Amino acid sequence: MFHHVKDLQFDARVTRPDPRFANLLLEQFGGGNGELKAAMQYFVQAFGCRRAYPEQYDLLMDIATEEFSHLEIVGATITMLLDGVNGELKDAAEGNLVAQMGNGSAKKKDVIGMAMDNPRFLLESGGGPLVTDSVGVPWTGAFVNANGDLTVDLRSNIGAETRAKIIYERLLQFTDDPHVQDSLRFLMTREIAHFQQFSAALSTIEPNFPPGILQGDLRFTHTYFNMSAGEDARGPWNKGKGPWEKGEQWEYVEDPVAQVRETAGQAEKAIEGHQRDEKAVAAAERELAAQRSGEVKSASPAGEQAWSDFETSDD
Amino acid sequence: MFHHVKDLQFDARVTRPDPRFANLLLEQFGGGNGELKAAMQYFVQAFGCRRAYPEQYDLLMDIATEEFSHLEIVGATITMLLDGVNGELKDAAEGNLVAQMGNGSAKKKDVIGMAMDNPRFLLESGGGPLVTDSVGVPWTGAFVNANGDLTVDLRSNIGAETRAKIIYERLLQFTDDPHVQDSLRFLMTREIAHFQQFSAALSTIEPNFPPGILQGDLRFTHTYFNMSAGEDARGPWNKGKGPWEKGEQWEYVEDPVAQVRETAGQAEKAIEGHQRDEKAVAAAERELAAQRSGEVKSASPAGEQAWSDFETSDD
Amino acid sequence: MFHHVKDLQFDARVTRPDPRFANLLLEQFGGGNGELKAAMQYFVQAFGCRRAYPEQYDLLMDIATEEFSHLEIVGATITMLLDGVNGELKDAAEGNLVAQMGNGSAKKKDVIGMAMDNPRFLLESGGGPLVTDSVGVPWTGAFVNANGDLTVDLRSNIGAETRAKIIYERLLQFTDDPHVQDSLRFLMTREIAHFQQFSAALSTIEPNFPPGILQGDLRFTHTYFNMSAGEDARGPWNKGKGPWEKGEQWEYVEDPVAQVRETAGQAEKAIEGHQRDEKAVAAAERELAAQRSGEVKSASPAGEQAWSDFETSDD
Amino acid sequence: MFHHVKDLQFDARVTRPDPRFANLLLEQFGGGNGELKAAMQYFVQAFGCRRAYPEQYDLLMDIATEEFSHLEIVGATITMLLDGVNGELKDAAEGNLVAQMGNGSAKKKDVIGMAMDNPRFLLESGGGPLVTDSVGVPWTGAFVNANGDLTVDLRSNIGAETRAKIIYERLLQFTDDPHVQDSLRFLMTREIAHFQQFSAALSTIEPNFPPGILQGDLRFTHTYFNMSAGEDARGPWNKGKGPWEKGEQWEYVEDPVAQVRETAGQAEKAIEGHQRDEKAVAAAERELAAQRSGEVKSASPAGEQAWSDFETSDD
Amino acid sequence: MFHHVKDLQFDARVTRPDPRFANLLLEQFGGGNGELKAAMQYFVQAFGCRRAYPEQYDLLMDIATEEFSHLEIVGATITMLLDGVNGELKDAAEGNLVAQMGNGSAKKKDVIGMAMDNPRFLLESGGGPLVTDSVGVPWTGAFVNANGDLTVDLRSNIGAETRAKIIYERLLQFTDDPHVQDSLRFLMTREIAHFQQFSAALSTIEPNFPPGILQGDLRFTHTYFNMSAGEDARGPWNKGKGPWEKGEQWEYVEDPVAQVRETAGQAEKAIEGHQRDEKAVAAAERELAAQRSGEVKSASPAGEQAWSDFETSDD
Amino acid sequence: MFHHVKDLQFDARVTRPDPRFANLLLEQFGGGNGELKAAMQYFVQAFGCRRAYPEQYDLLMDIATEEFSHLEIVGATITMLLDGVNGELKDAAEGNLVAQMGNGSAKKKDVIGMAMDNPRFLLESGGGPLVTDSVGVPWTGAFVNANGDLTVDLRSNIGAETRAKIIYERLLQFTDDPHVQDSLRFLMTREIAHFQQFSAALSTIEPNFPPGILQGDLRFTHTYFNMSAGEDARGPWNKGKGPWEKGEQWEYVEDPVAQVRETAGQAEKAIEGHQRDEKAVAAAERELAAQRSGEVKSASPAGEQAWSDFETSDD
């Protein structure tokens, strides 16, 4: 269960209202690389790994809960940056904001300016956050990657933290409010820390590549197809040893169209660049399948389960 | 900030796996009337009312946090109902699920059946919740209503709790697992309690109707247009006193097309059914505008704010 | 069936074109609290209640049809506010709008300004409404709440009218065109009237709380969980009698984490604050189930139905 | 304004409930080629052409209104096909549907079967239509094409009617209820009639090709690029005279990669296949721009407009 | 398979960066009438017609591939128009963009201006295209119409090309960069050429109207319902011979509400305006069904298929 | 520009039609981890890195083009698995599919079964792929991550390939057709190869962590907050040296609520676990900012650019 404490995890402050920056910051409230996405992604992944990986379950719930706390920091900052907007909107009897612009306050002009940038932000929210990104597109569950395999999920998280970090870095370019900069720097830094935490967790699962159980078809794992003609580049991704083990190397297919025709649509393609054989692959798959499916086997033959003891029998 | 405790708010259990009901239950995880929607709606509304209504802010944060805790109960139940699915998927080396159906276990058949009902649930989640509804449509921020006016937001919440309640009632028809029924009954009951809490909170704000500041145009507040011809019904919604104050009553327009033409498109329409006059309306608007915009005025003339003291000066 | 009359329900006019306000007003054409949402919500609900509640069916169809007529008023106003835009776009041979800005007309500048605010509005619509909100996000069926239970639907509608009202109130702040203000005031006022009509209709169904058939679990209906620690507030929503009947009252759980542990995850929680017992609850459910399911029983045992007589046998 | 009459435009009937076909039929209620899409497309287009093409405005409003009436027929049919579902759901006190399946009625089995096919349809709607397609994806404003140029809009409509027709043809394969077949045949036939009406309307605007004002660059209008190598086909779309005027013909580029290099990325490409020259093109553009932008010029120099006289000055 | 060549199909250039126009141009990258939509639509249609119409399959793949090449032109142009934005964002150590605006370069001001117009474009993309339209709404598969019947698909394509053409025409109004104008004119012209290609392809299929197999119900194909009262217009779409064959003509229903009542909801409606009878209709349907379903019959009785020979037996 | 060759990159075959598996496979055509997502992600990223990283641009275009070729393999396989469906639908004159089920072929039953699983797949596509996932939710541009920083994008790609691999592994469990298994194994293997290619490319950029320019705030990079109370786990992600350099280590905050209060909301938090100081951080940021922003500086001072030479001056 969750519990809430009215202190923020970071003492967020603003020097002055700034509706336009509030609009930009909305990206990290309801955008595709924002705090809600992160919180929900780790929270949802946690269910799937509770039985087999109770330690990493703890990690995922720790970070998910921290991201919900960051979501609150972002929402509070947006609200403070919009301070006054709600009051202007409620001052409805005195006439309208447009008519007053001639002798109007700077605040009124800000409200109107913001209405033009993101009308729905103003009209619908009345001066608070919305569950949308910075242009007003609603947050979607399609942002969340949770696939029930921890070697997959942790890599999704490494990517997610990377993207969140760069968005905060860019947001830092668009405000000169030192208080807001402090909060953004805190939030950005935590993405770096989480990146390291997820990387460390991935290293505790062996083997973790390829993700899942099945190994690749030996004919195609070491092959590079040169699909884009022109100035072709060679580097460790398509030349020499690459990331492969001793004695293995990349196979470079210069002309993929010709190769398709020569190999009867790959059917007659030979294995190249490998040390391993198909027997070794099959053995590895059998062993891994037994181990990994065993890890999620229930301790309760009858099937009845409580969440409080939803862990593997031997834990 | 949020804090998480590994106990669930309700001791959720399942008697046996049931992938098909897991699929139905997903509606309350990522559907339009589910727990995530409720949690996010109240959480987002809370920011907007922190300054003017710190007491109701506490109410909103209490219920928002409870809804996040309910989301966890729903997710845990779905995961337990899917127990075994992840293991079957990881048993990848032994051949494929389809081939084994002839001599396969009931569990295998369940996995395949579920794959046909909601393929993405299985293929993508690997046996855990997704941030989608029961047919696989992603949750969207468009579900969340938060409009920065508490007399509006509380009514949105009353509607939301009502809908959530009926969905749980229907889900109860589709499982005979007594443990799952217990959890659903708990969750359903809390929607009833929240309904009452929001209604009580609405009653503490006066006036609360019409919502906002502006009063209606006296010519049109008491009018009912009979737009659908055929068997016309009369009831308290279009006949007699209705909800109006002493001496007031509904005006019934039998033939709206004729009425438009007779009133020059409403321009010449008379006020009917009223006791109030335009002067009284204008006075009410001025008074309410002053009061409500005053409530959200900042205590800090310089503009600098911390979230920890983001409340009106006189609180 | 629907019929259309070329007169508007309100004689909408504009004093001058104003593309930027047209953009804001789009919120009520294709936004989440706009006229299309309202029209579709009541129209869809009407199908579900035709058999059991033919009188309220008439109410829903009256208001749905009025909302379609309001949608037309909003669309006509947007079109008039954009007057000239389409002509500028079709003046394509003379060069381009950007090049002419030096000696260009104010109208040209308006077109360009609008292109920057909401480019798709201009590029795609060519100067008319779009089925999107004010930032260009398409209308979605997810806005519509229709749940096949009139005590639920009418509460959804009360919430919906409330939100629509506040959006019109805010829009009124952003235009000083008296004609447009008149139209907005008419539309806003009708939301107030519909609110009252739906409230009156709800009062004709008894009992209407809790919505649906099933009553709450007596252990949890009167309980308030204090999930957010810090400055806790007490009010009629968590203290004293609240909305309860004589002799009943709120139960306040100060420390929900401790409570979960003390009650074995609620399993051992006692009933508090109630007068009713479980037997009374079961009787109420049986009675209500019989009554409400009976109301929707078909008059035609053979199953053949025409829409024209799709009503309960005894109506 | 719209008016509603409680008679359907077609006397829709069903022989017996059929929840599964109701689910399929939902495609034409809230799907991408369904009645709501058609109604909204023509309705939105109508605003844009009211000034310049008042006669076609009448056509668009006639068909839009008919499509709203068809939407009602589809919704009524879905409701009748689901007859009994709502009653089952409200029979909530007697236990649950699953438990009763052993000795349950066929109707109960149908409800459960439907719950598995499209759970949200049942859980959320309670037995009526939803504003989604047949798999539960919400209707979106992105379906609507309305571009403020009648030669464009009418072609969009011809495409839309074509698609709607084929969906009804397919639906007819999935029901053997003669009443439902009658309704579907009526609805399908009207798409054919509308196709002809839109085609006839397009023929009244001259010139109508290319749509809009600007003519093509003479170097590229008659060129066909053979971008997909293998078994290349030749036909009237890339060989001989094609749709061109006397003396003109298609230019076939056998090897587009070579062509790009030979023409310096098209910069040095020659005009081929044409009779027209650039001077003629420029003259046509000037003339058409003057004419078409003139058609939408306002009759009111001051800018004030009422919708009731929103037509060109010389009409 | 696809192959890529690093030359663009058109030598796209820009005279100077222009972030605001880049934003507008995004409409044709990820918008509803843009290049990705066109490419995907024809690509997806191609699968469905490969067996029955291998020649038109070639046409669809040629144009689909060209549209992917156009997508690249649009993306490259957007990237060049944003030249410098990425560098400004990476100059993160020197302070922030806002603080430097006083003595900042014009480029910095452009970056900030663009951030306000479409914040997500800047924050998320860092200065390249996004798969969204010009307001930031993501591209959706709902844009794609592919219905497995070539007489339907080609008409959808004619509509799609028409819309794409008008969007390019409008974009041409918002830039005075001659290089960009050249590219836009090329892209616009290709839509005109594709329109002609699809029209020519449609003419090779006979009969192609009505689309699909089933003919209309003779009572309703020639009928026009006057659903919108007021200034009614008559034209070739509802008067006289219209598009009909010799001896046939439109039937005009002046008062559709009366007509419904007089015909018992159409049940007693007579056939009007026709030469054909029901027997002829049934014969036409039988013949067409046999022919068209025969065209897609597999050549392989055993069912095993390779894509390379997925064509009808007699081709 | 793209070029298409009618051979597939892999000789895809099916042993027999299997509409239900076609439905599952749709996940990799239009789902969130499918081929279209991958193709578009790398294609869009390529624009952004063309100037600074021309070698990696080649890598991205090679893999993007290969993914488009894989999309074609998936679409062709779906089409072959649906062989016969289109023919059944076109056999429209003989009566309807439902009526023939008594004496109908297995094929007819398959068509009906499929209609129930994913009605839109059948009704709309007529037997070919759709741009949706396996439950019918349209593909969305929100799936695509492209952020204009190669150290970010390559990590997004590593995550994306990981997810795509696991989906193919799961799909392999649901078919026993050896031809389809071969194709799936090929496609799955290529995800493994691309993973290695992207990892190798990431290693060529130094430094690549943290992504972007700005370094973390030293107070927060090494801190772990224990936000989820209960069974707390310790591992390399929150204990000891972790991924840190010599002499550095994790700081573990046991009670984050207390910590917030003790540090005045982090304001007074000390740096712990570090060797670096703030001066070193600032220097690193300055150096990196100069280098990375320099890499994207244009070679053309005047601003005019052609895509063909859109690379850094010194390349």
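Residue numbering begins at 1 within each chain, and the chains themselves are lettered A, B, C, D, E and F in the order written.
Heads up, the rule we're going with is that a contact is a pair of C-beta atoms (placed from the backbone, for glycine too) under 8 Å apart; a residue touches a chain by one contact, two chains touch by 3 or more.
Predicted, not measured: the structure shown is a model, and the values here were computed from it.
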Task: Set of chains whose contacts include both subunit E and subunit A - done: C, F
Open item on the list: If over half the contact pairs have to be identical by residue number, which pair among B-C, A-F or D-F is the repeat of A-E?
Closed with: D-F
TODO: Call it same or different for subunit B and subunit C: same when shared residue numbers make up over half of all numbers used at their interface.
DONE: same
Task: Centroid distance [mean C-alpha coordinates] between subunit C and subunit A, Å - done: 33
- [ ] Could you please state the distance in Å, as a whole number, between where the Cα atoms of subunit E are centred and where those of subunit F are centred?
- [x] 27
Task: Where subunit C and subunit F are represented by their mean Cα positions, the distance between them in whole Å - done: 37
TODO: Give the residues of subunit F that touch two or more other chains, as numbers and ranges in rising order.
DONE: 1-9, 11, 32-33, 61-62, 64-65, 69, 88-89, 92, 117, 124, 126, 135-138, 140, 142, 147, 149, 166-167, 169, 172, 212-214, 227-228, 230-231, 256-257, 260, 265, 308
Open item on the list: Strictly by the criterion at the top, what is the full list of touching chain pairs?
Closed with: A-B, A-C, A-E, A-F, B-C, B-D, B-F, C-D, C-E, D-E, D-F, E-F
Task: Touching residues (chain side subunit E, partner subunit A) in the complex - done: 1-7, 88-89, 92, 95-99, 112, 115-120, 122-124, 126, 135-138, 308
TODO: Using the touch rule from the top, collect the residues of subunit A that touch subunit E in their complex.
DONE: 20, 23-24, 26-27, 31-33, 117, 133-137, 166-167, 169-176, 181, 227-231, 256-257, 260, 265
Task: subunit D residues within the subunit C interface of the complex - done: 1-9, 11-17, 30, 36, 40, 43-45, 47-48, 50, 61-62, 64-65, 68-69, 72, 75-80, 83-84, 86-94, 124-132, 138-142, 144, 146-149, 179, 212-214, 282, 285-286, 288-290, 292-294, 296-298, 302-308, 310
Open item on the list: Show me the residue ranges of subunit E that touch subunit D in the complex, using the header's touch definition.
Closed with: 5, 7-11, 32-33, 54-59, 61-66, 69, 140, 142-143, 145, 147, 149, 151-152, 155-156, 158-160, 162-163, 165-167, 169, 172, 185-186, 188-190, 192-193, 195-201, 203-204, 209-214, 216-217, 219-228, 230-233, 235-238, 242-244, 256-257, 260-261, 264-267
